[in-house]
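What follows is chain A paired twice: with chain B in the first complex and chain C in the second.
Now for the complex of A and B:
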């Protein structure tokens, strides 16, 4: 067959020649491939992550209003201003409240949904899709629906209509911070949007639990309901639960859209990212103070992550944990 | 066959794919820069407008722009509630507009962001409302061309007031009382917008105070203003205020749909209200807050500015002169054909028959009698500082003194930067 000869000739011929070449030439193709593959991403990382971080650090020591190329050095003034700024320190508290509400609620709801869907015999794929669908919705669109139709303060808003049937007065859900109904609006919006996604994670984990465990438990006399959930399902989901909680915390920290769209022109209910947005990119365009806030926030996150690693052992090797 | 597969092996295919992927972002850097293709003379200008609510406004602005033959003018119609942020952020970039509408604010002058327009305004200076010239002047130079004046005041339904036995309020206390009497199961007494911020300045003026005095020092921190804040707080918690409405104060929907009996709004919405409610609509100024105070009206509005750091400053100035100084037909169309605005040009205002009688004439009277114009020294961060005061002590129930002290810190820092 001509194919075999075609195959053999090039294979045997260049080999000695290649060995005769200096080493760097032989290595070249793989080096090239390395840079070709990682290059675009490294470049992106450099341009969109490291340069802005460095620039931001530099800006934080300057009086930089309405400009990102300032020339007035002010030392630690911006840092002092941000730390004395009650709105910025308050935003850290807002984030804590938000995380304390949204993380356990989403965890519980998505786990409940997963258990529910997992037990279904009928319409399983359909319901799984139905619960997952909100994940595809944008936070901005959901916020607007929550604000203008469900939690609108007028008498024909959905919630006010429903409550009106029971003779309850119209409520201003967002304008009036006392009582803080705005948390209900913010938390339910995010809950609706993200519960489906975490449900899928739990569902996958549930399907990985070997049925033998339940059988063995049944033989040992464990009831099929709470007992097997408490002693088998929950411990088996531990790894997934940890991952879910971590992902939820990260997502909560990144929350911006719903706060920005639901609570405009307030002094409350602003997590750090929203607060910094208003400082640096809002009407004031104070890049110096905004950058100082970002650096403070970064240091805080580094600190918390280190502490977390120390106490929870997260990120250590399998055997160490 | 296998010869082919040996040259097209997995690695080289992947290598080629990676190469293509690396080129991908380059392809994305196409020509999507918000400018339309070149005009007749090849010169291009970009102008920014916030989204006006009245039907036909966007088409009108684009129609005027199209009629200009010395450059291709592209209009960016900025929707959403934070026009300021988008404008300020884009002014820092290469895609900054050459021409934009905004309010006179001195930080734009101090940072060299807006061009001196004295040479195009000076020849027709006497035809402008003197207050509109004053509010755009810094150290004798004029930095913007006023397009429209927009007085803001209360609109009410006389039929509903009559039914409830309420007179038109002349003090803030009476307004609070009226709101209570006008509130029924289906209708709230009063709508001041969802965040109440539209009435901040009127409340300060009606309390006999001001934002800044003539020496650019804080003038809002008075007993009268504190009293006003407390009264606003009692109004906010009374349950007689329409809150969280789908459309904000600048849109006439709330009063048009019968959600409230009195609404704070602007002259611009008058045609729409008259269309929906017919004769059942009246206007009154922000009532006095304290005994020594006086009723007030905020004479807002929009002006044209030229980006001094733009690429075609002279061309942009020429365009602004062409449209907002020379083309009176367009200026008249812009002031009167969509919403109602008072033309800042005395010659146009005098010939504006639509504003001569009935409700529009009453609006013009309030504008002249109680109107306060923009103070160019009162900048965006000072505006935000007082919005925080309202948020903190009217909506949140905080102490007015503490909230005003906090605002003082911000405003003084700003004043020091601007005036030394």
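Now for the complex of A and C:
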């Protein structure tokens, strides 16, 4: 299932409303046409989105180990169990650390790449493609390259080889949580995978900045380097920056693939979804607690989405208002 | 920055706000180019390692000294990979191809129809229904994998292509994107079609879709990439190795007892290949799709 998130970069012109038509269409054959077009999707949405969510809510109030049709009602016990479970709350801490690292780093790197590529005249399309190419890789493939080659803990790993040229001993990048080198591995992998993607968003935004602004600033005495970046580029990119940061935050919240693959068999560095996976689908198959965890995570992510809505005006205009 | 260069730069900026690069002098321009070049090389390192290891022997990969590139390329690794019985790699590639194509075709079909209906066909409750779709955007699919698994396992769809494909088809977000797109589709074209006696259905297939192929291609490219690269859902559903997608197969390599580096990297390289093709030949739509959606998946 694609881990599609519900986020929308700011688009320039909201399309006009078409929904508000008078009631005279009630007995119109267009009602039939409406259901013909939307019926299959709505049915699927009901069965594969609404039913699982409802079922999960129900399960979260039951003792449901190894079964999805339980009959022991336990009230909020599953919720209490999850919130008192150090592994689950620890996973929220792991997410916080991860987000604190990956969000600003990706923001800065993708913006820097966009600024560099935007200024190039030579090889511009080629270099843009180079930075963008990792977007085509899966998190699993990147994890494999990172774990088996770049940050392999053995002597022939690339990092250990390079450090070896300077006489530095081998480092166990992933197998030892102290010092927590695994963050370097996790963060660089995701940085490589997603920076090019956000670079594209920034490039599009950079090209929308009217050149007159720079001309006006130059007349006012602003230099072309840091000053015009600070006073024109950055403010003009505010909408895109906000969108990018929130997209990054929600993506980090849903991180699973690279943690699962890079840190399999370890007990450290488990973000929420990995923890949930082991709770519900691991040895215990505790669907009740797993569902309660999913509800808690959903509520948290809804909070972030609503926050995003406030920042980006998702609720404004005709879409949701 | 000295006052002189600042002055000159300011005049240059006034002349051409967009192409300010290089006006700071040859040195600045070269520095810029060098910085970009270094960054690009770093971005290419993982690809270098992938190709190098895929075409080496294990002895070369694990050798005492770093071998920059194998002098004799081991194309035989491909055959060895497909003959390896421990991981059903060929089967997983096939599964991924089927899932990728059907996931893309199905999502586009179902979501575009719904998006058109919501955008263009007048119905009393259309806005209420649209809100019911919007609400699902608040709950990302990744968080609902536990309840989805509960449902799919009750249907007996674990370890099946049905279970891999069907639950992912009903993307509220893709439906939303199509609705927004169709709202902006020129009404005159449809009205002309209606004059010619076509109903909604006929107008949709004869007029609307043929005039929207760019948008369909952009969404299709993004949907295919996210389908091919998806990991969590295939991992949950594919309990039996015969139902693994290529991502799950790769993941299993990382936890296997025996490690054959050359095979693992050849498998990874092959798994990336289809997307490199998509990337090279459909980049235009990919970029357009990203600009339109702001997501990859």
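Just so we're on the same page, the second predicted complex is superposed on the first by the 271 of 321 C-alpha atoms of A that agree within 3 Å, B and C clash if a C-alpha of one lies under 4 Å from a C-alpha of the other, contacts with A are read in each partner's own complex, and residues count from 1 in each chain.
Here, a residue touches a chain if its C-beta (ideal position, glycine included) is under 8 Å from a C-beta of that chain, and two chains touch if they have at least 3 such contacts.
Please read these numbers as outputs of a predicted model, since none were measured by experiment.
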Practice task
Applying the touch criterion given at the start, work out whether A:42 contacts chain B, chain C, both or neither, answering first, second, both or neither.
Solution key: second
Exercise for the section: Once the structures are superposed on A, label A:117 by its partner contacts, choosing first (chain B), second (chain C), both or neither. Expected result: second
Practice task
State whether A:142 touches chain B only (first), chain C only (second), both chains, or neither.
Solution key: second
Practice task
Please work out whether A:221 is in contact with chain B alone, chain C alone, both, or neither, and reply first, second, both or neither.
Solution key: second
Practice task
Considering only the touch criterion stated at the top, classify A:133 as touching first (chain B), second (chain C), both, or neither.
Solution key: second
Fill in the blank from the handout: Counting residues of chain A touched by each of chain B and chain C, the higher count belongs to C
Problem - Contacts of A:266 with chain B and chain C, given as first, second, both or neither - result: first
Practice task
Considering only the touch criterion stated at the top, classify A:211 as touching first (chain B), second (chain C), both, or neither.
Solution key: second
Fill in the blank from the handout: In chain A, both chain B and chain C touch residues 3, 6-7, 33, 36-37, 40, 68, 147-149, 154, 264-265, 281
Practice task
In the complex, go through chain A and note every residue touching chain C.
Solution key: 1-9, 11, 15-21, 23, 25-26, 28, 30-31, 33-38, 40-42, 44-45, 47-53, 55-56, 59, 68, 113, 116-117, 119-122, 127, 129-150, 154, 156, 158, 161, 192, 194, 196-197, 200-201, 204, 210-215, 217-219, 221-225, 228, 243, 247, 250, 254, 256-257, 260-261, 264-265, 273, 276-277, 280-281, 287, 290-291, 293-294, 297-298, 301-302, 305-306, 319-320
Completion exercise
chain A partner, complex, touching residues on chain B are 1-3, 6, 11, 15, 18-19, 21-22, 25, 81-82, 84-85, 88-89, 91-92, 107, 111, 113, 186, 194-195, 197, 236, 239, 242-246, 259, 380-381, 383-384, 387-388, 391-392, 395-397, 406, 417
Handout entry: Contact set on chain A toward chain B in their complex
Key = 3, 6-7, 10, 33, 36-37, 39-40, 65-68, 86, 147-149, 151-155, 157, 169, 172-178, 264-268, 281-285
